[in-house]
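Take a look at the structures listed below.
In the two complexes below, chain A is the common chain; its partner is chain B in one and chain C in the other.
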Partner chain A sequence: MEGTITAPASRAHCEIGRRVRRLSAWADRRLFILFIAPGFVCLSAVIFYPAIYNLVVSFTDASLVYPSTSFVGIDNYSDTVADPAFWRAALITLLWTSLSVAGQLLVGLLGALALEHVTAGRAALRLALVVPWAFPSIVLAFDWRFMLDPLYGVANHLLMLLGLIDAPAAWLSQRPTALPVLVLMNVWFGFPFMMVSLIAGLAAIPREQYEAAMVDGANFWQEFRFITLPGLARIMATLVILRTIWVFNNFEFVFLTTGGGPVDATTTLPIYAFNIGWIGYDLGRMAAVAVLMMAMLSLILAIYFRVLRAAEAAP
Partner chain B sequence: MIGRAAAYVVAIGLAAFALFPLAWMLLSSLKTSAGIYRFPPSYLPDGLSFGFYEKVLSTTPFLNFVANSLIVGALATLIGVAFACMAGYSLARARFRGRTLILRAILLAYLFPQILIVIPLFTAISKLGLANTYSGLILAYITFSFPFSTWMLTAYFEKIPAEIEEAGRIDGASNFRIFRSLVLPLAAPGVVTVTIFAFINAWNEFLYALVILGGGERRTLPVGLYNFVGGEFAQWGEMMAATAMTMVPSLILFLLVQKRLAGGLTAGAVRG
Partner chain C sequence: MSWDDALQAAVATTKAPAHFGWILKLSKGDTGGGYLLWMLARSANASLYDAEGNVTLDSPGVKDAVRYMVELAKRASGPGALEYKISDNFSLVNSGRTSLTEDSAAIVAAAAADSPAVAEQLDATFMPRRERVGNLMAGISVALPKGQNAEDGRRLAAFLFAEENYIPFLHTIPLFMFPALKRADNPVFYAQPTIARFRNVVDVTLKGLESASLPGMEHGINPYAAQIFNTHIIEDMFQRILVDNQPVDTAIGTAASAMTTVIRDTKRRLGKA
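After this line comes the complex of A and B, so read on.
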């Protein structure tokens, strides 16, 4: 077999083989960098490039209808800041975010503690309790809209049975109830995530602490106050931060449920930005609103982190 | 004893709260028009009726939407998770300058609101001639599948003991071989979890699909439902049947991975 290969060809063959080997050895030494590169290139293309582009657009009069654009300085920002609707949307966003996150955390904690003390049927209950987490926004919105429907909704019927209301109400199309109901929906959707994470947190608290407390005759509240709560503090802080980002930025939940209405009662900042850019064609202003949103979120997170650091420094 | 009873009351009460919307959706979808448009509502259907399902399947391109969602979701997940496996492993193992910077950048990606990304992304995708194509939307979905998956997988890879890799190195295996034959199989449960979760996210996504695919025939399921069923006035029965069919795959996949999910989500965050 070897005899059929002529000497020069085999030398060339060796040369190519050596190059390939050298190349693959080189690649293998730099494997880590080569492994990070593709994802990072994608990330730059689909997040960091658009983010910078967005910043540039926010200083122009870019529009979905006119092809030409020119720089307009800080006009988009000054127009936005001067718009009372922007500040109303900011206030609604703060309410929507803080109430949703607080509610999710509270109900999640309640669920986690209840499951901890349940014995028979714990796995089944746990499975039932995580179901809302699996709801796609579109399904969640349609399902709840149907349940809350003023004509055929089951929510009205249940509330009338309980004697809480006298006549059917249009929960999502009345100003005073739209936002609270939206928050309730978000608590329903988001508490499982909190609960499951808190269960993991509870499991990490050493048993001995509870045993020692029992020997000392501590009651349920004392155990909760001095062992459970401090033991969960770190994970709770993480959860609050993650959820704040998610709820603050979330568009589709509100858009699909109320579209920001009635009138502007549930118009959060993402909806406000969408209406300006996609419905009003004013991309420059939409970009400016998005930048201001990022600034607000960063400020909120900076405050969180400062409070956290202070809390960790305190004994 | 009282504590346990209270725990059961709370857990069962919460479970009823959690399950009611799902139960109501399924029950309503099996009613007839006469059964659904009625107040006070009837809680159980008079008999099983698949009329609403038949109507959705025969009068709307529902199955088309399903196919679109499957194509986009599968490809976006595959690409995002493959890149994330590689990046996550490197970030967990290698110590190089800029590592923290990259971890921060991935975290930062999570901070950007969709609403900030969507228009520039749409403009860029249009310029590339990818508006209203699967590729355009797949590219967009990498914005969340990659950072999220990398975040979780970095935590998984960090938990795999480095001694295993040392053993491979002593045997003279290359870095790539160690990754493929030793590390990846050990990380398989994490990879499966992340894959399923990334797919669910793509299956559920609405805004990017709305903007990038417009109203064309490549619409994914959420946008299709929004336009077709939701567009017309209060066709609740059809809506419930359509949402039930959208929900089921998502629910099954989710219940498979939910146990492993929470730990991974926060593990990545705590390290931050």
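After this line comes the complex of A and C, so read on.
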């Protein structure tokens, strides 16, 4: 009698146990969702939602001034693409980005290599060279404006003392000098990040490689060409990608120094977008410009990644 | 003082490269060029646009004002005119770099506080005139749309305009704020030391206010002025003339076209097209 009662109970227990195990296995396989969920929610809130909202707004005539908004199809895109100022701004943005990133990388690399050979006061020197990176860009932009001011600026004073110029120049309001000066400022501002990262990269290159090269009689340039540069290639690629994204989208440095002028000589795409949205109050078109900027940046990075992959695949 | 008098004074006191007669503020990051052009155009009995919102930037009066400002910029403003904003007026005057400037009372007040030796040399007169004086008034208003703070806003306004508070409030930044109420136009207001010291500046300012209007509002309140000035179409026009050597007529044509677009869009959005 007991047996007849126990057997089904035991089967039921086994069945429950199997179900619990299946459930926990199912839960185990999906546990990653639990860990990913908070990050995904945060990303959705700060990236996906604004990006999708921006895309939606780009098809409307949303304005900072007028409360009503209506759907305008692709008008904002066609108006933007038809505007010669947009293409000028795109060209200036490419120049500004490529020259700034190249300059930052070059100066950062030189700084990192130089610091490698410094033995005394290395930490203090490294700290001093990182100073530009440590200050808010508004402070740096105004510092540069004052230094370059045609009336008060120390830059003109020194250049006149050295006999390099006859009279004070308005560096930021002349077409030939405005963009180069901005690039110079940006190189100065951005090179410490490159330098610190490359110093870390240099430390990761095995010393044995240099010792072997020395035994083989390699000179500095051969060491640099065949050991240092390949050793830093990956970190340099990452740095260039990161800085390209940051500089391409940089707004405050240009805005606080030249505001995009003289005329349109330093009007980059972020300044162009700002002028349309916050000065012209046309949020819909500003959103369209932002979408086009994202497409351009994606294209640039896609080309860059393709070149990188090709370089890595090469023997 | 006529346009020519002002130009002569500006040119005569220019001692480049350290000192200039009248440093204009033509940065595209501010409305300095637009406001000064509006004042000079008004003094030539002209407007940037008429009461219906038709752009009149190419009218003879405005064109003359543009040419006058270009001459000032070339002969008496120095190389920094395209970089300076209205707020730079304070440092330009306090450092003694410019002889003439617009916006006198506030400038004198700042100089009195920060650079007393310079302030002792300063005085004010009416803006240069051609047919008349074009006086610009900057009015600060508080809009209180429906919301949680409307009642607080009303209480703040009532507090500021209360008899016992109004003149002390105007005195918090002397020469920046002038009586909007008749009862504040009394000896207590004028007894404040800075106001008493620069009484002529105050008198000229108050006299000017009698015929002043907000920029772009000479035909009455309209929705175009803020957008016209904030889009920096005027400053862009001056930069094209001074940086790119664009002919004045061409630059005015480009600016007029941009201005027409702004006004047309505004009308369309307001259902006035």
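FYI, the second predicted complex is superposed on the first by the 272 of 315 C-alpha atoms of A that agree within 3 Å, B and C clash if a C-alpha of one lies under 4 Å from a C-alpha of the other, contacts with A are read in each partner's own complex, and residues count from 1 in each chain.
Note that contacts are C-beta pairs under 8 Å (C-beta built on N, C-alpha and C of every residue); 3 or more make two chains touch, one makes a residue touch a chain.
What you see is a predicted model, and the numbers here were worked out from it, not measured in a lab.
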- Message: After superposing on the shared chain, does chain C or chain B touch more chain A residues?
- Response: B
- Is A:R175 contacted by the first partner chain B, the second partner chain C, both or neither? second
- Message: Between chain B and chain C, whom does A:V57 touch in the aligned arrangement: first, second, both, or neither?
- Response: first
- Task: Name the contact category of A:A12: first (chain B only), second (chain C only), both, or neither.
- Result: neither
- Just chain B (first), just chain C (second), both, or neither: which does A:H157 touch? first
- Report for A:L31: first if it touches chain B alone, second if chain C alone, otherwise both or neither. first
- Once the shared chain is lined up, is A:V20 touching chain B (first), chain C (second), both, or neither of them? neither
- Query: Is A:D149 in contact with chain B, with chain C, with both, or with neither (first, second, both, neither)?
  - Reply: both
- Message: After the superposition on A, what does A:M214 contact: first (chain B), second (chain C), both or neither?
- Response: neither
- Once the complexes are superposed, what residues of chain A are shared between the chain B interface and the chain C interface? 149, 151-152, 168, 255
- Item | List of chain A residues in touch with chain C within their complex | 61, 63, 65-66, 68, 145, 149-152, 167-170, 172-175, 255, 259-263, 265, 275, 279-282
- Message: Under the stated contact criterion, what part of chain A meets chain B in this complex?
- Response: 24-25, 27-29, 31-33, 35-36, 38-40, 42-43, 45-51, 53-54, 57, 107, 110-111, 113-119, 125, 127-140, 142-144, 146-147, 149, 151-154, 156-157, 160, 168, 188, 192-193, 196-197, 199-200, 220, 234-235, 238-239, 241-242, 245, 248-249, 251-252, 255-256, 270, 273-274, 277-278, 283, 286-287, 290-291, 293-294, 297-298, 301
- Can you name the residues of chain C that touch chain A in the complex? 16-18, 27-29, 78-80, 82-83, 91-92, 95, 97, 227, 230-232, 236, 239-240, 243-244, 262, 265, 269-270
- Item | chain A-touching residues of chain B, taken from the complex the two chains share | 3-4, 6-8, 10-12, 14-15, 17-19, 21-22, 24-25, 28, 36-41, 43, 79, 83-84, 86-87, 89-91, 93-94, 96, 102, 105-106, 109-117, 119-121, 123-124, 139-140, 142-143, 146-147, 150, 174-176, 179, 200, 203-204, 206-207, 211, 221-222, 225-226, 229-230, 234, 236, 239-240, 243, 246-247, 250-251, 254-255, 258-259, 261-263, 265-266, 269-270
